[in-house]
Structures are given as C-alpha cells and as structure tokens.
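Report on the following structure.
We just call them A, B, C and D in the order they show up, numbering each chain from 1.
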Amino acid sequence: MRRRVYRELFASAREDGKLTVTNRIIVALILVSVTLAIVGTERDFVRGNPGLFRWAEFTFGLAFLVEYAARFWAAAEQPGPGGPWSKRFVWARSVFALIDLAVVIAALFPFVVTGAPVLRLLRLLRLAALLRFGRFSVALRELQGAVVERRYDLFVTGALAMVLLLGGATALHWAEGSVQPDAFGSIPRSMWWSIITLTTVGYGDVSPITPLGKVLAAMVALGGIGLVAMPTGIIAAAFSDAMQRVREREASGGNDS
Amino acid sequence: MRRRVYRELFASAREDGKLTVTNRIIVALILVSVTLAIVGTERDFVRGNPGLFRWAEFTFGLAFLVEYAARFWAAAEQPGPGGPWSKRFVWARSVFALIDLAVVIAALFPFVVTGAPVLRLLRLLRLAALLRFGRFSVALRELQGAVVERRYDLFVTGALAMVLLLGGATALHWAEGSVQPDAFGSIPRSMWWSIITLTTVGYGDVSPITPLGKVLAAMVALGGIGLVAMPTGIIAAAFSDAMQRVREREASGGNDS
Amino acid sequence: MRRRVYRELFASAREDGKLTVTNRIIVALILVSVTLAIVGTERDFVRGNPGLFRWAEFTFGLAFLVEYAARFWAAAEQPGPGGPWSKRFVWARSVFALIDLAVVIAALFPFVVTGAPVLRLLRLLRLAALLRFGRFSVALRELQGAVVERRYDLFVTGALAMVLLLGGATALHWAEGSVQPDAFGSIPRSMWWSIITLTTVGYGDVSPITPLGKVLAAMVALGGIGLVAMPTGIIAAAFSDAMQRVREREASGGNDS
Amino acid sequence: MRRRVYRELFASAREDGKLTVTNRIIVALILVSVTLAIVGTERDFVRGNPGLFRWAEFTFGLAFLVEYAARFWAAAEQPGPGGPWSKRFVWARSVFALIDLAVVIAALFPFVVTGAPVLRLLRLLRLAALLRFGRFSVALRELQGAVVERRYDLFVTGALAMVLLLGGATALHWAEGSVQPDAFGSIPRSMWWSIITLTTVGYGDVSPITPLGKVLAAMVALGGIGLVAMPTGIIAAAFSDAMQRVREREASGGNDS
C-alpha cells in the first residue's frame, strides 16, 4: 500500500519519466490554485464573490496538506539505508519539501491568524507553488549543471556588466547631478538610470537633459548595450546546450537518472 | 479543361515550384485588396472618395468568389482515391480553403447585412487574405516541422519566462501595490508592467517610484532580460535551420514534397 | 603622367589594397567636410562665424570639383577595350561617380542659386560624401554578395515580420480605435505603435489604455519580439560570414579582386 | 623578506594563479572602499554620520598608500635585467601602478586641499579602484587579444553603424526640423534621437510627431536595429572565444602566461 502511494506521488520513482495520474491531478490543482491566487489580488473580483475565494483557499490548502502528509508517510519507501523515520526527515529537509510546507502554511495560516501585512505576504507566497513543478523537470537539473560549468564566464561578464553600470551611473551623476538632483543626485540614484538604459528598457522617467549629459549617455548606450546582456546570453547558451543533451539522451533511449 | 484550371490554380501541382500566371494575378489582387482594406480604415481617405472604396470592396469580393468557385470545381483533379465530390469536400475543409471562404464572406457580406460592429470586424477579417500566401510557401511547412521538433524546448523556456513574468509582477505588486494602486494594485495589473519591462519595450506609462520598487525592478530587469526572449530565439533558430534545409534541397536539385 | 594620377586616385589600381597618399588626403577632406556639414546645421555655431562656414563650403566644393575632374580625366587609363572618352563616360555613369557629382553640385550650387528649401536639401546631400568611402572597401562588396545569397531568407522573414506588424496593428486598432482615435483610429496609424513596440523601442507616446488593448499588446509583444529582428539578424550573420571570408583570403595571401 | 612581500603582493608571481592572503585582503578593502564611495555620494547617508565617512576615507587612503609603497619597494624583485631602482620606475610607469597612484591621491588629497568641484571629481575617481581588479584577471588579457584580432570587423561595423546613425539623424532633421526645433533643429541634436532609437532604448523624450517623420522613423527603426548592435555583438563573440580558450588552457593543465 505504502509502496503504491510512493510510486504514485514521487515522479522519480517511475522508470519512463511520465507523470502518474495522481501527479497529473496535483499539477492541475497547483495551476488552478495559482490562478486563483493571482486573480484574488484583484479586489474587483474578490468583492464580487468573497465567499468563493475564502472557500477555495481553504480547500486547496487542505488538499496540499493531505498531499504533504501522504508524501511524508510514503517517503519511508525511498531507496537507501536508514529507518523509515530518518528517511522521512531527510525528505522533509529537502528543498522541494520545504517549498511544499511553505505553500501549505501560506494557504492555511490566514484562517488561524489575522493581520493584514503578514497575510498579504503569505498570500503571495502561495505563488511559490509554481516552483513545485521543478520536481517534475529533468531539464532544470540539466540547466543547473550547465550553469555551474560556466560559472567563471558568468562571474567575469557579470563583473564587466557591473563596472559598466557603475561607470555609466558615475558619468551621469557627474554631468547631471546638479541639474536633476532627484534623478542623478547620487550614484545609487543614477544606477536606476544606468540599469534601465543599459538593459534598453528606457522608461523615460529619467533621462539626461544637458548637452554634456546627452553625449555621455549616448556613449554609454552605444558602448554598453549587449555587454550587459552577456550574462543572460551565457545562461541562454547553457540552457540550449542542456536541452540538446536532454534530446540526445532521449534519442539514445535510456533515462538513467 | 478542368485539368488545366487545376494546374493553373494549385501551386503544388507544378513540379518546379514556380507560380503560374493565374497565381501571380491572384497574388497581385490579394496585395491590392489588403492595401485597400488597410487604407480604408483611415476615415480621411474614405471620406474623400467613398464610392471608390465600396466599388473596390465589391469587385475584389467578386473576384475572390470566382476564384473560390474555380478552386472548388478544379479540386476534383487532386490526386488520390475518391470521387470528384468527395475530393472537393476534402479540399473545402482544408485550412486554406476555409481562409479563402472567410475572406470572400468578409468582402461580400457588408453588401447584404448592415450593422456597424459586425461590419468593422468583417472589414478587418479581409486582412486574413495575407495568410493565403501561406499556400505558396514551402518555407512555412519547413518552419512548422522545425518548431514541432523543438516543442519541448519551447515549452520549458515558455514556462520559465512565465514564472519570471509572474515573479516580477508579484514582487512589484508587493512593493508598489499601495503606492500606485492603478498600476500595481493587483498581480494581473502588474503583469502589464512586467511584460512591457522584460520584453525591453518600456513605454514608461508604468514604472516604480519607490526606492524598494526600483531596486526590485532593476533586479528583475537585469535577471530576466533575454530569458523572456528565449522562446522567440528558439523559433528563430528553428527557422534558420528550416531555411538551410530548403536551400540544401534546392541545391541538390529535387523537390520531392 | 595620366597613369600616375590614375594610380594615385583609383584605389583598386593598387595591388596591395592600401590607400595612396592622395586617397588619404581625400578621406581626410571628406571627414572634415562632413563634420562641417553636420555642425553647420546647428544655428548657434553658424551664427557665431558665418564667414567660416561659407568659405569652408566653397573650398571643399572646389576641392571635390578638382578631384572629380582629375578622376574623369584619368579614367581613360582604366583597363579594358574602348577609347579614352568611352572609358570616361563608362566611369561617369558608375554609382560612385554619380555620388561624387552629387556631392560637388550640393557643395557649389548654393553659391549659384538661392532658395531656402532646395538649399536645405542640398546641404544635407553633402553628407552623401560618406558613401564615397564605399569605394575603398572590399568588405562592402563581400557583404553585398552574402546578402544576395540569402535573399530568399530575407524575403520570407521580411514577409513574416510584415504580417506580424500588420496583425498587431489590426488587433490594437480593433481594441483601442474608438478610445484613442488619434493613435489607433486607423490601421496605418496603429502601424506606428506596432513598429515602435515590436522593435522594442517603446517611446511611450502611444500605448494601450484599455484592459483588452493591454492584453492584446502584451500578446503581440511576447509573440512578435525577436521575429521582427530576424531579417536584421540574417544580414548580421551574412556580414559575419563575409568578414570571415575576407580574413581567410587575406591570411592565404592573395588579393585577386 | 622583500621576496616574500613580492610573492604576497604580485599575483603573477604565483604559479597556480590563486590569490594570496594579502591580495584577498586588498580585494576586500577595494570593494568596501568603492561601496563607501558610492554610498557617500548620497547626501542623506553622509549627513547622518559625516565623521564615519571622513574617517573611512582617510583610513582607506592610508591603507592604499601603504600598499603602493610596499609594491614600489618589492617591485625590485621583478624578473629581468636592471637594478632595483630602474625596475621600480618601470613598474611605476605601468598602467596599473598609475591607477593605484590616482586612487591614493583621490583618497588622501581631500584632506590637504579644499575646493568643491575638484573634490567632487576626485571622490568619483576613487571608483577607479575597481579597475585595479584587472590586475588579477587572465580573462581580460585574453579578451584584449581577441578584440585586437577582430579590429577590422569592429571598424567596418562601427563605420556602418555610424553611417546609419547619421543617416537617421539627417532624415529626421529634414522631416521634423521645423516642427520640433529643440529636438531636431540640427543634425547633432537629431543624433540624440537616432542613438536612443537605434539602440532601442527609446526614452520617449524625443519622438517624431508628423506623419512624414513617423514614416521615416519607422523605416530607420526597422532597418537599423541590430546593425547598431553589431560591434557589441562582435565584442561579445570575441569574449566568448577568449573564455573558451581560457577554459581549454585550464583543462590542459598548464598556465604558461
């Protein structure tokens, strides 16, 4: 019995990597619960039917509590040495188990305690349920490996991007600091401009107005664009490699994780 | 006779992949009709010569109706088993035949029924005529195959982008929700900010104003840019591969589709 | 004598591809003349010393006239059959010779005719002198070849981008046309929004304000970004290939153009 | 003794490329000092505890002075011919030694001289301490080599980008110069628009308002985007190659710089 529950709940217990029926139901529950949590932040919807939202929050919280308890109980079936309780506590200390627990608490706590600011944060924490999908994904593990492999590249490009961001912020602080003290009055303030410019977002809430400031900003924009995107580019390349490896492994048949 | 019409109308009936004279005329008709439909939405032009636009709409609708009827009749010549009528209905249920029908209805219906809102939508539907070019294109079929091949990559990067967009929206909702309720008062509202920021469009109609909101937005911008563009990057790479295959196939001579 | 002038002026007459002393002087003249033409549009500078600008314009015009005459005379030395005059007229009809002529006329005409609007256009035409650098460049010829080779890719991606731009403009015209008639009142007007959005420039002068418009704009932004950049991406890849070929040719020694 | 100091201070003196304990302390000092210099530009922080900032500035200045003196003294141990003093002066004229000196002066000079504008520039100069990290980096030297190798590509793409920027600025100056004289009244002013547009930053402080200006701006945006990013793309590719080489060299074991 416990073995069957274990097989149903733990995706890595299956050889073919497919999701079990129970896991499919949990995925659906998470998606609906997250959608409700998102929609629930819009007051106009909640005001219309507050009962529905309270009821749904409680039901999903209860469902996730049952799932957490079942996982805790079935964790004793995990391979490896040690008694059932030591295995259970090993599982309870894993990242995904902690996320599960946080989601359960975030969903059920509002019915025990009241107090607006804590509640608001807890409500948003329910979105963390999305992270639970990580459990089902081989791709994320591959991605993690590929990123670790290129950590040196990431560090060097990250440092270069940081120097560029700081240099741009310093230049504009020097040129426009006295004209627009609110926007460029200090380097930390100028950083907002330099980040929004070098990522090419360019809201336009802050931009140089003096000729010198415009010349410096143009030089920063021409020189720095793309270089700031390099760390992300490296992660994207690492991801592309990881995907390629997953595809090749699947093509060669075995799934020996 | 019917065979000749078939050869003239159906591009795939020709071995060398070139467009026939009739097809060239249809392409020209589509381009002129779409241009007219676009210009026709600008009132200043229509007011100047309303007769021209009504007359042109009717003429193009008639021409496309004739083309549709001819294709329906000639579809009986399509290769494969079955009687002429079954072949015709197989053709009439194909995607391109349905687009053709929609365009004909959109062009001629306004002369039968009146009623502003329906008419406006129908008028815009005439732009769907552009999609009819898909019929002439080998490249689109190759692109479709390349995208299907990488559907797993697309799914994972799409999910990652979705989590980033939601995470950014949640962070800004938390930081700025009470200061700018119109823009960040709920997660669905914050999504507008996070999509416009992470695609680097950055209109500037919505941007954080508190220091905490700016710090969070800067982190979201630095971390998420490029990752949101990954699904599109995968499609672009798939397209590039598909183009390469088309070129190689053409170079090797045969066109065995 | 004429042969020496020919060798000095025509860069392609030299085997090693280096610039001659005369060509270096001409390059310097062009750069100074273009800089003056740019600065000369700023009234504050011109008002300060109008004599300098008029005198400089005349001098550069004269220098370019002398150069044009010398090239015309020396063109008789070009290899190939035909008499000196036929060779000269062949040269005079080449693209670069026509640009040279246009620059000379643009620089000297203002001293003959007066009339503000024509003059203003002529003054700007002097910037065309920059295009004259194309003459000295092997890279541009390689780039042209690489682009021609991928013209089919460019056409398909360009058509796809066009459909995306039109589709986005139509969607926003439908959603926001009645709310913001100035910005989305017709498809041509909406095109300004869709081009500025899909290139991720995002000035923010025009953006959707209704929830429906925002949802559609978010979908257009997420779906279309990167795809609009594909034609440019193809040109960039073509350029990269062309550069690689130039480098390899130089490495292998010969320069057989 | 001097040999030991030399080994502790000069990173290139160690065979395994790791940082010595002294170097780790210096790195930490630089990071804290730069952070203080950044935070010190925000008046609200300084006003709170002016004593702390003055005291910290002095301490860091003193520490860097001691380090500079120690390096100057130990430089006599550098390999190669020549007496200890000639080696010291060779070192003192190197780029990194000059940056070190500038940082020391920038940190200590404010306590000798007073005068607001000079002081402000000197305070910002302390950020140059970040450049000192260059000393510890093998990657930067590799990057420099890779960029030099592709200097021709950089020159051609840079020139192409410059022509595009100028062409766009000229077109908009022609179309909008009389309508928006502040933004497009001269080509240098239009350059601000063309740089902010072609880098896709798009603040929105300056954008065309006439139909002709919008059509030209749309053409410039569609045609020029990506091409302006090409020089940065080449540097990014050069960086990627340099990183690859560093990794391969490390994998093959030796570090023979």
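Here, a residue touches a chain if its C-beta (ideal position, glycine included) is under 8 Å from a C-beta of that chain, and two chains touch if they have at least 3 such contacts.
Just so it is clear, the structure is predicted and the values come from calculations on it, not from any experiment.
Taking the options A-B, B-D or A-C in turn, the interface that duplicates A-D in more than half of its contact pairs by residue number is A-B. Interface comparison, B-D versus B-C: the higher count of C-beta contacts falls to B-C. Counting the residue numbers that touch the partner chain, subunit C and subunit D have less than half of them in common. Subunit B and subunit D have Cα centroids separated by 45 Å. A straight line joining the Cα centres of subunit B and subunit C is 32 Å long. Residue positions of subunit B touching 2 or more other chains, listed in rising order: 200-204, 233. By the touch criterion stated above, subunit B contacts subunit C in their complex at residues 38-39, 41-43, 120-121, 124, 127, 130-131, 133, 137, 139, 161, 191-192, 195-196, 199-205, 228-229, 232-233, 235-236, 239-240, 243, 246-247. Residue ranges of subunit A in contact with subunit C, taken from their complex: 200, 202-204.
Those residues of subunit D lying in contact with subunit C across their complex are 152-153, 156-157, 159, 163, 166-167, 170, 173-174, 177, 185-189, 197, 200-204, 207, 214, 218, 221-223, 225-227, 230, 233.
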